[in-house]
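Mind having a look at this structure? Questions to follow.
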Amino acid sequence: MIKKNVICSFCGCLCDDLSITIEDGKITGVDNGCALANAKFLGKERLLKPVIREGDSIKETEYNTAIEKAADILKDAERPLFFGWSGTQGEAQAKGVHLCMLLGGVIDNTSSLCHGPSILAIQEVGHPGCTLGQVKNRADLIIYWGCNPLEGHPRHMSRYTTYADGFFLKNAFRERKLIVVDVRKTMSSDVADEFIQIEPGGDYAVLSALRAIVRGEEKIIPESVSGVSKSQLKRVADMCKEARFGALFFGLGLTMSKNKYKNIRNAVELTDELSRHTKFTISAMRGHWNVYGANEVFTWMTGYPYAIDFARGIPFYNPGETTAAEILYRKECDALMVVSSDPAAHMPKKCVEHMADIPVIQIDPHKNCTSFFTDVQIPVAITGIEASGTAYRMDGVPLRTKKIIDADFLTDTEVISRIYERILEAKADV
Amino acid sequence: MSELLIKNAYVIDPINDIKGEIMDIAIKDRMIADSVSDSAEVIDAKGCLTLPGGVDSHTHICGTKVNFGRYMSPEDMRAGRGRAQPHMYPVSGYSVPTVYANTYRYSALGYTTVLEGAMAPLEARHTHEEFFCTSLQDTMANTLFDGNWSVMEAVSDKDLKRVAAVVGWTLAAVKGFAVKVTNPGGTEMWGWGKDVGCIHQKIDHFGITPAEIIEYLIRANELLNLPHSVHLHCNNLGKPGNYKCTLETMQRTPNLNDKRQTLYMTHVQFHSYGGTKWGDFCSKADDIAWMLNRKPQIAIDMGQVMFGKTTTMTADGPMEFNLYRLYNNKWSNHDVELETGSGIIPVFYSRKNLVNSVMWSIGLELALMTKNPWQCMLATDNPNGAPFVKYPEIIALLMSSRYRDEEFAKIHPDTGKRVHLPSLDREMDFYEIAVMTRAAQAKALGITDIGKGHLGEGAYGDVAIYPIKNNDIDPSRDYSKIIEGFSLTDYTIKSGRVISRHGNCLLNGNNRTIWVKPKISEEYNMSNDPEFVKKFERYYSVSMENYPVEEEYMNKRNICIETETGL
Amino acid sequence: MKIELSIKPREKPFIPIEAESITPASFLEKMTEDITVWSGNREKKLTEIFDVKKSGNADSQKDVEIILNGDCSAVKRVGEYMKDGKISIMGNIGMHCGNFMSGGLIEINGDSDSWLGREMTGGEIICKGNTGDYCGSGYRGEKTGIKGGKITIMKDAGDYLGESMAGGEIIVNGSSGNMPGSEMQKGTITIYKDAVLPCPNMRGGICYVLGEAKEILPTFKQTGSIYNSDHKRELNIYEGDYANRSHKGKLFAGKTNKK
Amino acid sequence: MKFEMITGRTIRQGEFVEHKHSAEYSEETSSCHINPVDMMFLGIMQGDTILLKSVCDEVVMTAFEDSNLKRGSVFVPYGPYCNRIIPNETHGTGMPDFKSSVVAITPTERKVASVYDLFKDIGGREL
């Protein structure tokens, strides 16, 4: 059997045109997918049953026991941290927020380690953006700044930008110009019309210089800015102004490098400035397939996209204080629940060390680095393969990922709901 | 079966022509009934003002752009934080509050039904997800068609039936309620960073004009026999001199429906500006109201501006960019492929600012100069003119000329030369307020037949009891008591259940989503149209199969209004 | 009135204490037993966390002095909304000390953590040690940082010092981290030693970097130099930030390497 | 020699991100891409092991020749190896310096640790 128009739950592109071959209830083929999609849909390894750690040994158990143990850990915590959420369905994210509200914990999603700085910038200056189809149909200038779509989002260029069909472009590929800005050459920079190679940490200065040039203040700009020649900057500024529709995409090259969110702020303000000359938009290259969904769900429920502290019963938001990395390295939490992510692999060592000192609950289909620290791991159905659920594409378009094969696992939503119910019961008993 | 008896209520129910009578209201199993048994729960209204649950016919509370307003505004969030209560989640936010804050605050004001003013079809799931959390109000969504390529192409072909077929298919696919048109053609032009001047300017590539889009959509709307009329946000919002564009749009509106208006024009305050630039900016509310008084086929809402901080958000992308350049504060924009756009910026309406003072006056003038209150709804285009929590103040302004005079004395001193407000001495009564805050809305939205906006037998048991006693109060003098009374109901009852008592809310009010599904023959079903399907697959960034909103996003109690169409 | 608070040992010493109730106003208006602080998600009596010694009387906040003993680096929000009186912190203090302060004096003998004096409008903070990031800044998404008052840091400051500053004065006797005075609108920042990328996107205000200003942005225009007799050294004068539409900021900086 | 370490996504890291206990994942995330001229100065060849030291810790990786990099910067795919040496400092933003931390690199005879070994000494326990 072949299922068509399947949505890929790997990266923020949420490509929805995959064809999946299913034989005897198992996935045997993936068409239209990139290498990452293939790995995801054809992946075999997974945790089959919930596990609980007892002393030095780990033993398999039933859902009920594991859920009970998780509830036990959480119900008495003084400052539990709930982290992850980018790899699960929106419905589970909502349950997670309710659980955190109930327990007075801190909830953060993985955007604090990817596009959190972009959110901080947006909160300062806004975000002139658009859906990806708008770019595909109109844009004659594409800029990728601090990202390498061919590796991070392998089909971004073919579905939405450089190689995509466009309503208002006769021969989209030839009519579109591509600019790549990065500190290193990448697969993506190899196909660019213009590659701007910046010295590491120099993005902010280059963005400032471009803003000044676009505003007609080029005379004060020195001959070279962070390793980029003034003549190249002028050329690029002209390309931007002359475009009918320019689309700037930026990645972690801006959010993770020096100056963090100020880089994004500067890029947004450059976009604002260019909007006075032509149509220009800016968009973040969101990584995980539903990290943007986590931001959306958290926002409508709590008012903030990530890093929300409910300790006082009132949501408090202050990235840099209420973000997972700080809470872990400052040892501020006394229990940790990780949902669909792997902080042990993706956080600095000092953050991981605290995980060894506190109880850790993990809800994830796969064993990963966090599993080394886990006291309870509960495997769940994989959303987009074994379970349906809502996901938000990197541009905010909500889609419903589909269940395409049956599995005996509970969904994230079910597991979190059951933990929630268990804690409610326990609280009622007191 | 649950039963509830509200005794001793001072009832105003305009749709049933009840203009203030002490009576009992019986609710049986969610609906208003003739009588209930002795075992019914009893609420003693103690002679207080009792109205059908409030209906907001134009507000922005759910969906992509609202949520982006929240996302970009942590400073607004901390302006309205509240702790969790036994049956209430914690809340945040003032002008763009969280879903829970919205639903609780609307409940406290006595509102049980709200219409989200703008939903981009491509992002409809998002609106429905938030509707799900808006647990104490029944909700419906205006669906945006202002820049819909298939509509514009059909208009260009002068193919009315195709326009209707596209609208019908889309509404059913995204579970929308009505046709919303925001700056028709302007949002498509904004795709190139441009705008349209007025209704006769041609739109790039499609070669049609906003006037044609409006005209075809109005006729298609009637062809589909939709409960609500076309819901129009005119071109040129917020520009000095735009009243001419508004007047011409009104002038062109035919009278096609004897049950309700043919065109609903929203936040008309923003479209009633005279002058040529901000320097000679003035009110033209008199001209607009004059036209409205001669055109029963049009209904409007005020779009009242109130002073203070708020956030503006609209599908009108180019307008928001203009505002951004004026205020130089943060600016967000979100164009939606093949359909529409949107923009968001925070604003501060200041009493000291002449333009803001004139805007404030215009909204009130529109309401006071419109002879028939059924043609003018009370709304702020929440949160664009002001957050909806300001409604009680607006009610008081309409009921008390003394309050208006006192406020007028506090605004920019030059305002008097540019507006008509000081010369208006009309003071509205409770009946007119009841019309402007629920009855007219329900009628305009076409939801009286399904039991909304009134207290007749068989209607939903949606009731608001305000701590206001008609005999004890002179609204003209005691306007502060009016504000207080309309700010917090004693009881807000939805479908026969108390959802808010003195602002203490119920966790779950069994909310419903109301949507429409026009019955369309296979011949006109766009799913079978090869041209439509081909273009869809080629130019949208999602496949047609993944576009329609699934049943999972509807709660079980949803109300689907199926319409008989001419297709 | 003098109140001496000494932090007690705790079972989980890293769980932050939120103590916005430690202000002169609290002790003037409330009985000590009625004052609470938060430890994680638990509201606790102040006396559970601190040993409290109270002596003397006071008629106004001005006459109240609070002394904090012990390592208070996990105690947040001390002196929030303080209007008058004095808080002396003998050791380190946690985040958000003196937020929204409008008057009075906070003296910190040790280091202060981030967001010291965030959004203050008046009064004075003196920190004898180092301070963390966002000293004298605003809140996320808010247009303005501090609008008045004075913050003096005797050693070094972290990153984003005085972000969006809209008034008042910040003095750092040591160096600042990255991007002091970003988005600055009004007020004065003086850094006696070095700073990195000073005043990005500034629209107004004055910033002195008396040591070395590393990486001055290409969008600052050097308009001359001046001998500053107060600080006894030659300073380059820059105007900026020309990336911004409004660029009335002034940056005075010592030896530089313009990037 | 001192280098600016940039970490980032690669296709292969992405392919094995849900199989962190595989040899492929370990191999990919412990490879340190270096400009060939820098490699010459370090006296190492492709496949040699190198020791990366930062202000907070050290880790052994495998050198991988990559002329796409400017001299003075190295690239390592996201994963537990680079995170061993990335400082926890976030500058008040919640985001550590994943793309801007300084490391000293020297040749070494030591072997690349397994993913489990990386966590064992900070309290991680085998599954």
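Residue numbering begins at 1 within each chain, and the chains themselves are lettered A, B, C and D in the order written.
Basically, contacts are C-beta pairs under 8 Å (C-beta built on N, C-alpha and C of every residue); 3 or more make two chains touch, one makes a residue touch a chain.
These numbers come from a predicted model, not from an experiment.
Of the two chain pairs examined here, B-C and A-D, the one linked by more C-beta pairs in contact is A-D.
With centres taken as mean CA coordinates, the chain nearest to the overall protein centre is A. Put simply, the C-alpha centre of subunit B and that of subunit C have 45 angstrom between them.
A straight line joining the Cα centres of subunit A and subunit D is 22 Å long. If you average the Cα atoms of subunit C and of subunit D, the two centres end up 37 Å apart.
Centre-to-centre separation of subunit B and subunit D, using mean CA positions: 56 Å.
Looking at subunit A, one finds that residues 120, 123-124, 258, 310, 312-313, 317, 319-321 touch two or more other chains. Annotation for subunit B: residues touching 2 or more other chains are 72-75, 78.
The residues of subunit C that reach two or more other chains are 114-115, 133-134, 139-141, 178, 245, listed in rising order. If you sketch which chains touch which, the pattern fits none of the simple shapes: not an open path, not a single ring, not a star, and not all-to-all. Interface residues of subunit C facing subunit D in the complex, by the touch rule stated above, are 114-115, 132-134, 158-160, 177-178.
The touching residues of subunit D, when paired with subunit C in their complex, are 91-92. Put simply, subunit C touches subunit A in their complex at residues 12, 14-16, 18, 38-42, 74, 95, 114-115, 133-134, 139-141, 178-179, 182-183, 197, 200-201, 215, 217-221, 241-245, 258-259.
By the touch rule above, subunit B contacts subunit C in their complex via residues 72-76, 78, 328-329. Residue ranges on subunit A touching subunit C, taken from their complex, read 77-79, 103-105, 120, 123-124, 202, 204-205, 207-209, 211-212, 215, 217, 220-222, 225-226, 258-259, 262, 265-266, 269, 310-313, 317-321, 330-332, 334.
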